Amino acid sequence: MENHLLELRSVDVSYGDAQAVGNFSFYIDKGKIITLVGANGAGKSTILNAISKIIPTSSGEIFFSGMSTAGLKPEDIVKLGICQVPEGRHLFTKLTVLENLELGAYPVHTRPFMKDSIEKAFTLFPILKERINQSSGTLSGGEQQMLAIARALMARPKLLMLDEPSLGLAPKVVSLLFKTIKKLNNDGVTILLVEQNVHQAMEIADYAYVLQTGTCKMDGHCHDLLKNSDFKNTILGIRE
Amino acid sequence: MNKNESQYSKKNNSKKDVTGDDIFQMKSITKRFGGLKALNDISFNLKKNEITGLIGPNGAGKSTLFNVATSIYKPDSGKIFLMGENITGKRPHQICWMGISRTFQLAKTFLSMTALENVLVGAIYGHKPRARNVRQHAMEVLELVGLETKSDIITSQMTLSDRRLLEVARALVSQPFIMLLDEPMAGLNPSEIKKMLHVIEKAHKERNVSILWVEHKVEAIFSLCNRIIVLEYGQKIAEGKPEEIAQNNNVIEAYLGKPSS
Amino acid sequence: MLRLNQMKVHTKYIAGLIVVIFFVLCPLFLNSERSYFIYFLYTTFIYITIAQGWNLIAGYTGQVSLGQHAFFGLGAYITAITWRAGLTGYFDPLAFLLSGTGALLLAAIVGVVLLSKLRDDYFSLGTLGIGEILRVAALNGGSFTEGAAGISLNSTAYKSMNHYYYTALFIMLFTLVVIVLLIRSRVGLALIAIREDETAASANGIPVLRYKILAFSIGAFVTGLCGSLNAYYIFHVHPPGVLSLNWVVIPVLMCILGGAGTFMGPILGAFVLSIAFELTSIWMPEIHPIFSGAFIVLVTLFMPSGIMYYITNHKSMIMRRLRLTVFKWMNQKA
Amino acid sequence: MSYFPSLAVFFQIIINGTFLGTMYGVAAIGLSLIFGCMQVLFIAQGTMMILAAYSVFWLVYFMSIDPLISILIIIPVFLVLGWIMYKGMFQRVSQAGPSSTLLLAFGLMVFMESMMLFIWSPNIRSVKTSYSTSAFQIGDITISVSRLIVTVVAGIATCLVYLFLKKTMTGKAIRGVSEDRVTGMLLGINPNRVSAITFAIGIAMAGVAGVATCLIYPFDPYFGFLFSLKALIAIAFGGLGSVGGALLGGIILGILESLSSYTISPGWADAIAYAAFILVLIFRPQGLLGKAADKV
Amino acid sequence: MKQRSILYRITIRCLFILFIGFLITGCSKGRGKEIIIGSHLPLSGPGGLVGLEQKWAYDQAVKDINDAGGIYVKEYDAKVPVRLIAIDDESDSGKAAAAVERLIKKDGVELILSGSNGAMGVLPGMITAEKYKVYYHGTLIWLETFLEHKFKNCSLYNFDMGQVIPMCFEVWNSLPKDQRPKRPAIFVEDSFDGKMMGDALTMFAKKFKYNVVLHQSMGLGAKDFTTQVIKAKSANADGIICLANTPETVTLVRQLKENDVSFKVFQGFKGTWPTEFYKSLGKDADYILCDGFWSEDYPFKGAKEIGQRFFDKYEKHSTSVGLYYALCQILFQAIEKAGSTDPVKVRQAITDNEFNTVNGKVKYDGRGVALYTSGNFQWMNGKQQNIYPFNLAKYKIKAAPPWKKR
């Protein structure tokens, strides 16, 4: 247990009476990229939100670095070192790029490194430096996604959770994005990636879980899965 | 059923049937949000008595297309025709009266009402001229979707699956020519999906209604649809029979992503 | 099962009927000229009517109007002006009808403009503005409204409190019946659908704007009737009296307190609030406004969605506790 | 221009309208902040102003502190008061929807009005300073010193709030959270804490407005409600939720009232203000100064 | 959950008990061997300032008569104490009617002492009292309004409105000719009183050969009067008549000074008499005139004393308590003369007799109306100096120097 960075043990999440995630268990080790794939509505985002404590779990436990996160609030989770980049980016569109970045370093312990982190973000995403005083609502989709990732990195997370980062982006931008994600991972950030762009996600990830209607249908190392003939059908929802 | 038929012919008489089998047409529809083109020059037709699938990855513009089709959004350019009549810019309730009904992705049932009342709303208001014995109509439709025993339950206490079925019933009861289904299976488990499939098939057969259907459960869509339209980035990238679509590389890439190498 | 349900409905009707008969008979065993209780009921009926009128647009349809005092004032002014001009007389049904219709027309016009354009808080602010504009217009109305001086009516016409009591009772019952019929009918279905989800309502063929205006106008109509009755009661119609914000604030409070969007809510809220105000002003005359404020604050803190919702949500618990108490009590006896 | 005997008169009216409008503006800023962050129409704002004015009155009366210096005491006290009000009441009720918070605000208003009535009696109170009635001339235009002071104070207060929102982390968090609460949570921001701070600042602005009130006007417990109404109009002019917009909206309202009361009649000034307000709501619901929001 | 349910239980029980209690109190009427007199006063709301003074005066009068053993009533052949029930009408016409309903029906009063503030209080009170044929001993309402309603159970003891308007110009005429203002400006608020006074003032100014250069209405609760001041300045007004509430009047005077609009005479109504007016303006309030119902300097028995008592209690002078005190005196004497508390007999006694009060001799006419001459005062060094009626006044009006020469 101690060696897992994040571990979920038979987690259930329901919206009202509709169960979104049922009996889901998985773990992430330090320094890895894990991807959750599956069709829309399979419960991938729900799992991220449950980890972030945005929505409550109805049963099961979540451990981070061997510590139960029960009873913590969303802001405590960020302090622990888990940051989520939400689906659809959710930038503060009325704020400038710089202000968005600064808000990423809101937790008190991260503020001393703020300047440093901003520099880092700009070396990672040079385009953002050019837009520094532009309000973030005016950025293009790809720039917005970069900003969202950069913002999450400001808090120096141990675990970065990305929810559909490629959503609505042009293919060129997507491959650039995935390269950056890989680079981040090489710099030592553990990454939990939720993607529907399965191929590219699998290419950079170490291990994948395939979800269907809230439960884990199959899991395995990415290169194994890609060879598996059932895999494609599962993703497309063809296999029952 | 007969009634539906007769009305259909009545409308056809009043408007010259210029479109043949195409009862619904969208012609080069474009819709922008800010700088983003959610729909870019989309054109397609729906044929009588056909189930058409609409698929595409998240953010491809499927819901926007529905909202434009039912006049919740106004298109920036392009025109929409129903039975050869231009219906662009009509109010949403007029669209409904003319025979296009829909369901919503987030299951927008009227939560404080009972199931029957929900369907009654559709039965009473969804149709012009106002139908008589609406209660009977409503019960028939509830029976069709298999909710007849739950007609007195307040919707907020129903399961998601039942609420989705209820939405289909509510859309169906307004005696539409075309029913737009927006992900009726999202969030359902396999047995519920089976039930929903059954209901859609039955509705289609018994009520002679054309269906345009957005879905992520590709298997489900492949099993029922006559024709499939694929959207990506607000553009139509493919259209054809399910078998053709399954082989189409563009579509597979759109769904699974292109291998980067 | 079905039969049980029907029985329940029947008991409800019978209980309602008993209460109505009680109200009708009240003046027979209480001297209406000398009983404060009759007067208390009279004012409460008026408040219930206005609150129900507001409930129709805000509670059932979900458009929070803050301009009901405009309709109340307009009703009062129409009654006063027509009476002064000799077109109508004292307690003239025609005057009531004109007042109600005037308010209804104003609501329809305001509704076409505001309801089509404004949503949520903006609509509330807009209606508030309408009320204030009407107040200023009445102040500057020249000899037509007599400006700030207001219109003095012939107070020697007064005959008996019974007239007022029964008229208020009638207007209230009329309102309640209209609202029950509306809510039970197709219209009610449309209104609730609009409140629950405007997009879905519209996509299911409900002409949303038309029904919003309908609800707004009916609410205005009954409020106008109340204004008319009030003009006959007070015999002096002037802007700070009949166009006071009190005529919107107090009924709204009652409605929210009881539970907006429920039938019993405004009735319950009106009684609770009237009693609370009345008792505090009798028992603690020095500090009664403090208590009124504190009462509102406490109720919103502990029952933020109104008393009716609280009761419905805790029905089973209340019944259980009730049974437990009875049980204990019987045990003690034994 | 034929309405005005001279250009000086015109400018005089504009300047006086501006002075009047700043009063509305200061009252509106707090209201706007609170609305922007919590969607609460806090109609007790004007009453909070009067509470502040009474506090200043006591400070002047018992300790002979100059009203302007008393701001330094009023602001922290009202910050704490706002914090307590949010934590004790609004946080709890805000989940129940806007009509409940409106009701709560109304209850608070009645409660405070009657408390003040009980403590201070309905007698009007006023604070007299050495500059109460002095004025100076620029050309043909007369400028009232006390109103100028109020305008300057209001300007400074607005700037401070603006800078706070722009420059500090908490300020940015407030702006962020009023746009997107959940994302705020994902970044480690406690939205309730941020709301409490916003509420506290809103109430403190009512404190500043209260000090301004007692510099210019005599007041009684009921004096505030009119300010609440006018502040509502002002924020509708400026666009709900924007700070600079609130002040500007107030000034526009003040000028509008001054002009219409000069050219038409003071009696109609209120009606014209309301009519303009409704027109703005209908044709530019985002406010005169707000940007059109994308409808997605 | 548990906490809530207990709370709920308590609330419901309380409400139930309250309701029952209310039913009981609502129907019961306590009558002992005392004369119960009711009164509805604006104790809260905008009229609260007046209401408090009025209540104080009523309380004093009741206390005085009870200290003397009560009123001798022939019917009982004994001295009967008086009990005053004063309730709040919140300065609202609807609430005033409700208050009178309560006094009559719940508290069972037979006689009602006047409320305050004309259309917002007294008129609805009178109309309600008239409905139930309860005697309403009134004041502070326009004579025309009173007569219009043909009240049979009410009486009016008030200052003579027909005299107040000319009074204002008579006072001006008493100034030496070169100090008299020539071009008066009239500012009146947008209310019942304001409209009536404004029209009357304009009419009488013509009669007294004053040329009204400006007649402006001011919004109730308005916060800025610069437009009016600018107009006064460009019209070159040198005398000002203003009817408004105190906060508005204070703001107006401040803005007059700021804009350097000087006046020879500033005649204020309503807003200028409270001591708070002087406190708000300090020295700037000097020379400003105020109307007043009464003066403690009047040479009537008890006038000085009641003024002194008020001063001892509130450390300020009042120009109104004497009127209210006198109103009680009239009522008590009438009850004694009627020998009964029966409303009809009391009213008969009122019209038949003459009464001695702190406001001089009072004689009602057949309509139930008694009018007296209103006073006029000039603020000087923090005190209102009585300058009118000329036969009672000890001081003479002084014209105000321009602002710059003060």
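When the chains are written out, they are named A, B, C, D and E in that same order, and each has its own residue count from 1.
In this text, a contact is a pair of C-beta atoms (placed from the backbone, for glycine too) under 8 Å apart; a residue touches a chain by one contact, two chains touch by 3 or more.
Everything numeric here is computed off the predicted structure, so don't read it as measured data.
The set of chains touching subunit C and also touching subunit E is given as D.
With centres defined by CA atoms alone, the chain at the far end from subunit B is E. When the C-beta pairs in contact are tallied for C-D and for B-C, the bigger tally goes to C-D.
Using CA-based centroids throughout, the chain positioned farthest away from subunit C is A. The geometric centre of subunit A is 43 Å away from that of subunit D, both derived from CA atoms.
One inter-chain figure worth recording: subunit B and subunit E are separated by 73 Å, centre to centre, where each centre is the mean of the chain's CA atoms. With centres set at the average Cα position, the gap from subunit A to subunit E is 74 Å.
One finds 50 Å separating the Cα centroids of subunit B and subunit D. Looking at subunit E, residues 43-44, 190 sit in touch with two or more other chains.
In subunit D, the residues that reach two or more other chains under the touch definition are 114, 117, 265, 267, 270. Within subunit A, not a single residue touches two or more of the remaining chains.
Touching subunit D in their complex are the following residues of subunit E: 43-49, 51-52, 190, 216-219, 221-224, 226-228, 230-231, 234, 246-247, 250-251, 254-255, 257-260, 274, 276, 279-282, 284. Listing the residues of subunit A that touch subunit B in their complex gives 15-20, 39-41, 137, 140-141, 164, 166-168, 170-171, 174-175, 178, 195-201, 203, 213-214, 232, 235-240. If you check the complex, the residues on subunit E that touch subunit C are 4-5, 7-9, 11, 15, 18-19, 21-23, 25-27, 43-44, 87-88, 90, 92-94, 97-98, 101-102, 104-106, 119-120, 123-124, 127, 130-132, 145, 148-150, 190-192, 194-196, 220.
For subunit C in complex with subunit D, the residues that touch the partner chain are 58, 64, 113-114, 117-118, 120-122, 124-126, 128-130, 132-133, 136-137, 139-140, 249, 253, 256-257, 260, 286-290, 292-297, 299-301, 304-305. Note for the complex: subunit D touches subunit E at residues 5, 9, 12-13, 16-17, 19-20, 23, 114, 117, 121-126, 128, 132-135, 142, 144-146, 216-220, 222-223, 226, 254, 257-258, 261-262, 265-267, 269-270.
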